[in-house]
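I have a structure here, written as structure tokens, and I will follow up with some questions on it.
Each chain gets a letter, A, B and C, in the order it is written, and its residues are counted from 1.
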Amino acid sequence: MSLLEVSDLRVSFRTADGEVQAVRGVSFDLEPGRTLGIVGESGSGKSVCTQTLLGLTTGAKVTGSARFEGEDLLTMTEDELCSVRGARIAAIFQDPLSSLHPLYRVGWQIVEMIQAHEPVSRAVARRRAIDLLGSVGIPHPAQRIDDYPHQFSGGMRQRALIAMALALEPKLVIADEPTTALDATVQAQILDLLLRLQQEHGMALIMITHDLGVIAGLADEVMVMYAGRAAERADRRGLYYRAHHPYTNGLLESIPASSGAGARLRPIPGQPPSLIRLPSGCAFHPRCAFAMDRCRTEQPELAVVEESPRHTSACWLPPDLLGTNEQVKEDRRAASAAGRGGVVEEGAA
Amino acid sequence: MSVNVNESTNRPTNDASEMLVEIRDAVKYFPIKQGVVVKREIGRVHAVEGVSLSVRRGETLGLVGETGCGKSTLARCVTRLHSLTSGQILFEGQDITDLSRSRVRPYRRRMQMIFQDPYGSLNPRRRVGSIIGDPFAIHGEGDRDERKPKVQELMELVGLNPEHYNRFPAEFSGGQRQRIGVARALALKPSLIVADEPVSALDVSIQAQIINLLDDLQQEFGLTYLFISHDLSVVRHVSDRIAVMYLGQVVELADSEELHNRPRHPYTNALLSAASVADPDQAAARQRIVLTGDVPSPVAPPTGCRFHPRCPKAQAICVQEQPPLVARAGDPDTHLTACHFPVEPGEDLTRVTATIPEEERAE
Amino acid sequence: MSADETVAASLTETATGSTAAPAVIPAGAIEGRSPWQLAWFILRKDRAAMISLGFIVFIALVAITAPLLAHWIGYGPTDQDRTNGITVDGLPVAPNSQHLFGTDNLGRDILVRTIYGTQVSLLVGVASTLLAVAMGVLVGLAAGYFGSVVDSVLSRAMDVVLSFPFLLFAIALVSIYGSGLGISVFVIAFFTWAAVGRIVRGQTLSIREKDYIEAARSLGAGDMRIMFVDVLPNVLAPVIVYTTLLIPIAIVFESTLSFLGLGVVPPTPTWGNMLSDSLDFYQVAWWFPLFPGLALLLTTLAFNLLGDGVRDALDPRAGRLSQD
């Protein structure tokens, strides 16, 4: 049985301007001990997706199901969720300063968390908190445990949050942009730490990021999201070396280091769509260089483009066009030119 | 150790007219004050300490470093948003360090800034047309009707729809807002643009659009950029030369490719190795130089070389003596490094450990 | 981690019918709406606020057309109806067809006097509020924008004003300068501007740190331009909210002053001095305090409800997500 099984998750918010469709039918599952990277830009729904699992999207309309160890997280009561959150699923957020309460000592917060879920004495919980702080690389944990969050640097706060997340040996850790607010050298430390801890504790990890570089060395599998849907999902080498979806390729080519200094970058043209007024068909078609008539009318579902390891992509381009090299590009252009005008009957079917 | 003592500011190859901006021994302290009624100075943030740099006409000088390294403060000193504690800023050969606000105004036309936060740098209560027209209004160029076509021309130049003249910033996406900021900076046809993390807040695909836009504009108008970023890969992509800053000082300065291929300062090496790579095999093969600890407080910076508490190569001398920023043995004289023990090509920093006597180590 | 390792997780996306694509609406469909227009859009949906606004417009019309209304009713505000307006015992007459709201102890028509009272109340309320807001905005902007010594001096000045006992000071001022409309406006404004000033100062302090202020400075904008072009529009929202809430306070202040005989000089009718006059008669003539009191109550209530609505409309935190 999978640890987590999300199927057809849809989340929408009502606003003064109309209904924001933040997540539009996302399904995935995660085995114990594995790492899933979810990549997307702002508005892709990547954060809303996991916040919904934790019951943190109040006021949203949620449909679908999310089975965690067999229980549906979406239908749980607030009390049931509280026993899952922190204990069996832990979360690490981007901004460690706002995730730690500024007026309580760091250690106190960890002790409090342990005691809320386990019947242990204060002294035991405190000893565990010190061990945890030490294991995430905070120097002199026995002294630093009585510091306030503002006495910690950004990197140390993120470490403290990780310690807190691990306190109850969760089965699943959801890390939402855990290194985005940190400097490069500190980011490297935190990523190494997460990787080491995951191996030690054997927990599953969902790592949400906007930066394909962050999870290149970390994720077993990667799911790319665009406008509230999954665009592509593959194991990590498949995604980075044989990407199928033009959006994934666009993301990879937009990274400055990919094209060498001085060379011109190849950005994805245009802007991300409004989640209130989504384009018809494939939401990416207005920005896609390979858009065909079919893309404008019909929304593609995730379909297998490679069997083993499983690689799926939600794109109408033929499944054998993988990768970013020029030959593939030529093929794509040809494919989309051929597709133009010719697929109308097919699309209506 | 043979040391080639050529300061970057007065290398013989650079005559004055080639230099658009010269920063000479810039120092900027921010006082820390305490007290309810009478404020006493209880300390100083050493934001920038003894930086000498020059920006050549038409080049892009990248300024890279982590939070608190003083790169943004230095940029704001160049544009005179802050005044220096000591040192000099020369713009087109003129000393603008101590000019009064009214005397500095003509220079403001010639140097403009682009800010990091496309949400915070545009006034939410004003229309885009009036924001982009601000430079004209402030410098008394034309009335409202004369400005409109100019503003629309600028909007078109940066890839915005000129018909959106009357919209408000909230109606644009992040990338479009940054284009608005670029248009505003271009309005008065400046010679220098100081871009403070112009793409850091943007999504990757949009980031690339703005980098290309800046590139095009530089070609078209012969702009000079002082480009500040914490992201080495972005800086490398846009810059001709790169200065690496750490705790208020420049630790290494070299041509972009040279810096990448032969980084000499251990900190530059660590930064390069920490940069994320969107390539699983490279990421797996790479040995990260994981620096210990965090950046020390700029209120009480370490003695000697400021990097020594985190440096894998630190020795006793690093604690006592601050290394000068000079060309090191075997380097071209455009490659300056402030390090007693620069990294040799092929040296593996993940395997060396600092040898500072325990009693010398500053906490 | 080899490439041919079987993918542990699979992803199946099931959308209910890919043909049900959302209607194609071009991205440019939203036209340039200002933050003020958006606020008005939200405010318009607030029924209590709109009814209040209607009522305020109504009493403003009443105030403006007071002489016409009086002429039409047939009595002036100080006319004493000695035949029908007073009983043989010299007591007020209850509401009847000639005097719809009854009369007071001098035989004056309460309806007409309440209508004229509207003039004074609105005039003093609005004038003193505008004066207070103008002063408060100027002082608050200067204190918040310039900071340091300017801020210290102006902030202490505001503290001093806010710690003054209002009534004592009002009595002192009136006893020196005599009572009247002008002095009422001045006294009320003097005691309310500091609250506006504090709000504006606080807002300015945070706006001053925004990037767009730095951007304006880097473009070479002067202090005055930054204060009035860049800062002012951004502090206006709380000022507008406070203004709508300040008007009823000023109206009550004015009534209080009049009630104590420190306000507008009799026989000019105000709601305050009518209430004061009714003190000896309310046991025998319920209508005497009722109508001016009701007018005061409804007016302040309307302004307060409108103020609440305006705050909800202007405050970005007031949930844009409507939950259902």
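Keep this in mind: a residue touches a chain if its C-beta (ideal position, glycine included) is under 8 Å from a C-beta of that chain, and two chains touch if they have at least 3 such contacts.
Since the model is a prediction, treat every value here as computed from it, not as a measurement.
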Would you kindly count the fewest steps from subunit A to subunit B, each step being a jump to a chain that touches the current one? 1
From subunit A, which chain is the farthest off, judged by mean CA positions? C
Roughly how far is subunit A from subunit B, centre to centre by C-alpha average, rounded to an integer in Å? 31
Cα-centroid distance, subunit B relative to subunit C, in whole angstrom: 49
Sequence positions of subunit A contacting 2 or more other chains: 236-237, 271
Specify, in ascending order, the residues of subunit C that touch 2 or more different other chains. 30
Of all residues in subunit A, which touch subunit B in the complex? 41-42, 139, 153-156, 183-189, 192, 210-214, 216-217, 236-237, 240-241, 250-259, 261-262, 264-269, 271-272
What residues of subunit B sit close enough to touch subunit A in their complex? 66-67, 173-176, 203-209, 211-212, 215, 230-234, 236-238, 256-257, 260, 270-271, 273-284, 286, 288, 290-291, 293-295
For subunit C, which residues count as touching subunit B in their complex? 28, 30, 32-35, 152, 210-212, 214-221, 225, 229-230, 233-234, 236
Per the touch rule above, subunit B residues touching subunit C in the complex are 37, 76, 79, 81, 104-105, 108-109, 112-113, 115-117, 120-127, 134-135, 138-139, 161, 164, 166-168, 170-171, 181, 184
